[in-house]
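Some notes on the structure that comes next.
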Amino acid sequence: QEITQFNLGIMGGENAQDRMNSNECYRAAIEAELGVPVKVFTPADYDGVIQGLLGGSLDMAWLGASGYAKIFLTDPEAVEPVLTKQNMDGSTGYYAIGFARADSGIATIEDARGKSFAFAEPNSTSGYLVPGAELQEIVGPLADFFSDVRFSGGHEQSIVGVANGDFDAGVAWADGLGDWEDGYNSGAFRKAADAGLVDMNDITEIWRSKLIPEGPMVVRKALPQEVRDKIIQLTADLHETDRDCAYGVAHGEAMDFVPITHDAYEGIVAARKLEEASS
Amino acid sequence: MLEVRNVTRIFGNRPAVDNISFTIDRPAFVGIIGRSGAGKSTFLRMMNRLTDASAGRILVEGREILGLTGAARRAWQSQCAMIFQQFNLVPRMDVASNVLHGLLNRRSTLATMFNLWPQTDILRALQILDRLGIAEQAPKRAEALSGGQQQRVAIARALMQDPKIILADEPIASLDPMNAQIVMDTLRRINLEDGRMVIANLHTLDTARRYCDRVIGMRDGRIVFDGTPEQLSTGVARDIYGADESFNEAATSTAIPADSAADAAYAARMLA
Amino acid sequence: MTGMTASPPPLFPPVADTVIARFRRRRMLSFAVPLAILAYLLYAAMAFDVAGLAARAKMDNAKVLLADFWSHKTHVTRDNRSGRLTVAIEGEAKGLYPQGRLPGWVTVAGEVTTIDLGGGHVVTYDAAGARYAVPDYGIIDIRPQGDRLVLTTPEGALPDWINASDRRVSVTTAGGRFAYTRSKVETFRYAAGWPAFFFTPDSPFFGKSWTQLAGLALWGERLDPSRPNVAAMASGFLNNAMWQHGAVFWAMFETILMAFLGTFGAAILALPLGFMAARNMMPFGALRFGLRRVFDFIRGVDGLIWTIVLARAFGPGPMTGALAMLLTDTGSFGKMFSEALENIDEKQVEGVRSTGADSLQRARFGVIPQVMPVLLSQVLYFLESNTRSATVIGAIVGGGIGLMLTQAIQTQKDWEDVAWYIVLIVLMVMAMDSLSGWLRRKLIRGS
Amino acid sequence: MADIAHGTNPARPLPGDTSAAYLALVRRRRLYGGIILLVFALAMISGFRLAEDRNAGGFLNGLPLVLDFPSEVLSEAWDKRANLPGLILRHLPSLVETLNIAAVSTLLGGMAAMVLALLSTRGLARWPRLTGLFRRLMDGARAIPEIVIALVLIYILGGGPVPAAVAIAIHTAGALGKLFSEVAENADLKPVEGLQSVGASWMQRMWLGVVPQVAPNWLSYALLRFEINVRASAILGFVGAGGIGYDLKIAMQWGQGRYDLVVAIFLLLFLTIVAIDRLSDHARNRLVKG
Amino acid sequence: MLEVRNVTRIFGNRPAVDNISFTIDRPAFVGIIGRSGAGKSTFLRMMNRLTDASAGRILVEGREILGLTGAARRAWQSQCAMIFQQFNLVPRMDVASNVLHGLLNRRSTLATMFNLWPQTDILRALQILDRLGIAEQAPKRAEALSGGQQQRVAIARALMQDPKIILADEPIASLDPMNAQIVMDTLRRINLEDGRMVIANLHTLDTARRYCDRVIGMRDGRIVFDGTPEQLSTGVARDIYGADESFNEAATSTAIPADSAADAAYAARMLA
């Protein structure tokens, strides 16, 4: 069985064109390897990529963990996670970090009882799903614990909203490496701080989730085995063969792309199911 | 040649045309007069099969035409041209195309859909337009023409159909006096030169008098007068129109006086 | 002159009464309608909490936004661990000034970097830490000591524009922004304009004036020996890594393409359907009714929802967007076309019918010529408004200028890009507007 | 009888140049018509192929899958159909908010459009020299996508209905203004002149001479706009501007598991739009006839 | 009372009204005749200040009115009523409102926009309508009336203005003979009973002859005749209209014959 073209979907926070550009070398590499035209798609909406994978018009994509869980729950036979990113410290994940205004007197999640709380958006892994599920375990039903639970629309909006006092506390993602006052090495805090949207002195960390696995690179299960092998090999070796390109694909400094399986995302899938049941 | 037998048309429960009959045996110029609502239009529309009759028969050269349907009806329509008061041209198309529409029934649907007319047809349309004195208007859009010119285009379309009978429904009611005269003259000439029968609804007596061989007067759907123009006395006319004596015609005549002595006298009388 | 005063009673008392009663009613209506509207708006203001809005409004955000629309900031960053100094527009790698071609207001002398923010504001990085000289205030001095930062300021309480903890100090003044943490020290200099709009700092053409550029283009020596300066400029401009003009122009084209395909495809589909749904053309009432409801349905489902539905089948891309638009517009056109067909002037049809034309010919000559201008003008009107919708649909299907725009807005920092995209979209829509207006006039008057 | 229709020489030969010129015109017209048709067809075909080429999936491959997503949604919603009434009830308040956004923006935008239209219509304008300015103003208001205004306003004012209402109102003012002015342009100037001849002021001329003429058409456009604005405000909810669109977006993005909610909200929205459509059709018919 | 001095109006570079002057010293019924394009309408419109003059002066009771602007111009318009060929009523509003519009200049804008007419005004409007014999039409929409009735509404509006001068631009051109007579009679009665000056553009000679005290003939923007109706000979008339002998008036007259003997003879002549 032959393929005539290969479509790659990418999602993430950066500008579409930046994503296109930073993946151009990768695209060319796949094209050379497979010998068929390769196209890259960068929809603004999670759903674009997810639907593409489900419908079979995309062959491979980098997804958030929650996006993968959504696909898995819709059709377990659609895609399979194969690789993920390994950070410089060897970890393969990041954190959801709860925070509040430094002068609000909230220092732990317990202090936030009866206050308003902002998640990012319902489809976000670190902005809602994981912290929502974990917080629920700690403090019970969130609607009872907090006075008001809102979706701000995104991590940046949560940060700005909390800093401005629109919400008493919120949650956003960070890699947890480096210093708080810099907004950690990467993540939403870092971006907001760099952009001058927030002064890290004004906010303080009140809670941190368990490690959230990095999103997987998934390939469609229906692809010929030979194609999948080639692609996985090529990507896994990228840090060794072309470091600059790997930098772009990995979205910054990373140690390597390492194999991963569905098991790593069982937790996320469970969280999603929990959320679904509670709705 | 034309025989109308007990033709009736009922709208709702009011008869618009009420059991009329008459016979015409040569290609005459027939005028139908009568005031608004008398049923003149309805009768012509029945002849052209635009409106169905409720009862009666119309025989043209022995053939009953009220019963025709489908292609036969369309074929009859193509032999019996209709000229409307409002011209009913396609205003956005050019004059020559409008004239060519007279051939729609005779040419294949497919070719006409793409406006693909044979050159001979186009030339004939131009010739007809030339005969009516408006050949130079051929490339213009119909809507760009004056009323009189548009009515002549409508006549050209009728001639293009090469009809036996031309029906004209108040052909000059939308026209000013000058254009009205041109149009009536044209119709009369076609009637005489080509020997085509013309049946025209007219709303003015003088016109009927001047152009017709035969005048039929209708009122409330019935024929109340049928005769030569000479027989059309004032009494008959008042009957047809239901006008009364108090109405003074002179005050609003649009004509230009032919004789100044009369004028002066008139003026003196009026201003007395 | 006869007396026309109000005193004598009119000769038609019943008429007078009706008329006066009518005026009274109308007078009441003239007050009732505006009052009802006002009452509704008041209710809505309450429901929308307009009063609370004033409190929630963040005018600083507006200021940031407006400032960001037309100005830029340059980051001067020193990594406190490695000592590496970088100067970059918007702090982006793409806006990095190459070493040795730093802007004039940054001077590097060994370990000491002096940044002149203008107006007497001067920031100095040195081995001991950093100092910020603020005019009329004094010198803010920061020195790291072990794990902490030691802040020395002139006498008195800390002003609110200095935000300090022992881990981070930030200063915001009219001259710029300054932040010190253990890992790095960063100064932000704000200035008007979009400096990298034409060329990024790594381009040899960066920062040249118009005359210099013209000189280079026309007779200057080749800066890149492999190609003429004009070609280098063109490629530098189109491939500008920050603004990506080439990609933006392509995106605009893709947007227009989607609108074009969607609109005209829908028009072609809707024409026969419109005939079938017009009361005076379609004898079968049931079919007409069914078609109308289908139109209602596909129109009622918005294009954005169709986009998601179609994305499953066709995946992301411009065709999906065009098809979504095509679908919605078929609904709109079907309804509008059939209504236009119901409003035609029967005289023309009758004129054609009287010659014995069959139904196709009647449609062709009696109907099409008179509805064509109406239909065309509706289609062209949609073409213009679809250009606008295509920007939004594009964002979802991953194509066109809309994708760039929404992402620039979502990341909340590239506001100058947002401003530029808005300008481009407005220009594009206006251009389509005048194009469709021109075509409309041309096609309706001409032919 | 004087035959002024045909001049003196009825047997005049056909002027050759007239017919030659007309035949040439016919040929030219056929040629241009053919070329335009060809160019248009080529543009459509190549445009479509380009778009298909840049799409992830092809047209023919995708066609059989078109119903996949709807059937997935519907089958789940069918399984959970018991939930639907409850869900619909629960989202009624959001629907009211959406309707309010649409109504307010249509009202405000419509009123602005009335003034702008009259000011920018030839023959009616208060300041004829400024018509161009007002036209550009409307063009601008129309050209900026609502979603842009909404996103910027959300950044400043925070989420909620006001940014959406303002954004839609601005757009409505531009869009309706253009339509209104097209209607006003075709208004009969005779009544206006009649009023002018009695010394009526501009406001009086417009209010008594133009508005009664154009009111049915204006209202009909405004009602159409209202329907469009209901949809627009629902869509703006997608970007966090409140109303039922926000709920729909969240449910839709969540995907499987909440398709019952998607269907419920969608039904609500769709029924509303159909209801408005019927109502406005009815109102329009009554206005035009009555 | 009215003095017109060297009034000119140029459209493009063609004068529509070309340096005309005349004086009228009592509230006479003045008719202006001339064929289409002669500049009749343009002159009346200048008097009412709907069109600006290019040069010249018009003095009404010593006051120059061509120079008025803004509120003064509107005040003048309210004293100088205009009646149009097409009536220029607001068709969708009722008759009484249309008549009340005559007061627009005298009542506050805001009040008129909210339909706040004082009851005395409404009663006066009804009285005027009654005087013109159409009081029972008052609640109907203007568009529902026949042409003659609409024109009388327009006259009522003019009377509502209580004007010194009534300008009438071809007031009967859109009317049928019956209605035309009613309207002209009304205008004449107002002229005689109220002593208001009436200046009417007319396109028919007989009308001018019958109703006017003074007739001004225009051609190509110039005054080519100015005198009493008695002085209006056929020669003068042909001059004014530029008509030639071939045009036959009788063919399209819309009148109903008063005498049937004449008819018969005429018909016989025509059909010969």
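Observations on the model:
First chain written, first letter: the chains are A, B, C, D and E, and each begins at residue 1.
Rule of thumb we're sticking to: a contact is a pair of C-beta atoms (placed from the backbone, for glycine too) under 8 Å apart; a residue touches a chain by one contact, two chains touch by 3 or more.
Here's who's who by UniProt: B, E = Phosphonate ABC transporter ATP-binding protein; C, D = Phosphonate ABC transporter, permease protein PhnE.
These numbers were taken from a predicted model, which means no experiment stands behind them.
The chains in contact with subunit A as well as with subunit C are D. The innermost chain, defined by the distance from its C-alpha mean to the mean of all protein C-alpha atoms, is D.
Of all chains, the one whose CA centroid is most distant from that of subunit E is A. Using CA-based centroids throughout, the chain positioned farthest away from subunit C is B.
For the interfaces D-E and B-D, the C-beta contact count is higher for D-E. In whole angstrom, the spacing between the mean C-alpha positions of subunit A and subunit D is 39.
Centre-to-centre, using mean CA coordinates, subunit B is 35 Å away from subunit E. With centres set at the average Cα position, the gap from subunit A to subunit E is 82 Å. In this assembly, the C-alpha centroid of subunit A lies 82 Å from the C-alpha centroid of subunit B.
Multi-chain contact residues of subunit B (touching two or more other chains): 181, 210.
Along subunit C, residues 56, 58, 61, 308, 311-317, 406, 412 each make contact with two or more other chains. Taken residue by residue, subunit A touches two or more other chains at 7, 9, 41, 45, 47, 51-52, 55, 57-58, 166, whereas all remaining positions touch fewer.
Here subunit D touches subunit B in the complex through residues 1, 3-7, 10, 12, 14-15, 18-19, 21-23, 25-26, 30, going by the rule given at the top. Here subunit E touches subunit D in the complex through residues 48, 50, 73-78, 81-82, 84, 86-93, 97, 101-105, 109, 112-113, 154, 157, 161, 246, 248, 270, going by the rule given at the top. Per the touch definition, subunit C reaches subunit D in the complex via residues 37, 40-41, 44, 47-50, 53, 56-59, 61-62, 65, 254, 257-258, 260-261, 264-265, 296-297, 300-302, 304-305, 308-320, 322, 385, 388-389, 391-392, 399, 402, 405-406, 409, 412, 418, 422, 425-427, 429-430, 433.
Contact residues on subunit E toward subunit C in their complex (touch as defined above): 94, 96, 113-117, 119-120, 122-124, 126-128, 130-131, 135-136, 138-139, 159, 162, 193-195. Partner subunit B is touched in their complex by these residues of subunit C: 347-348, 350-358, 360-361, 364-366, 369-370, 372-373, 447.
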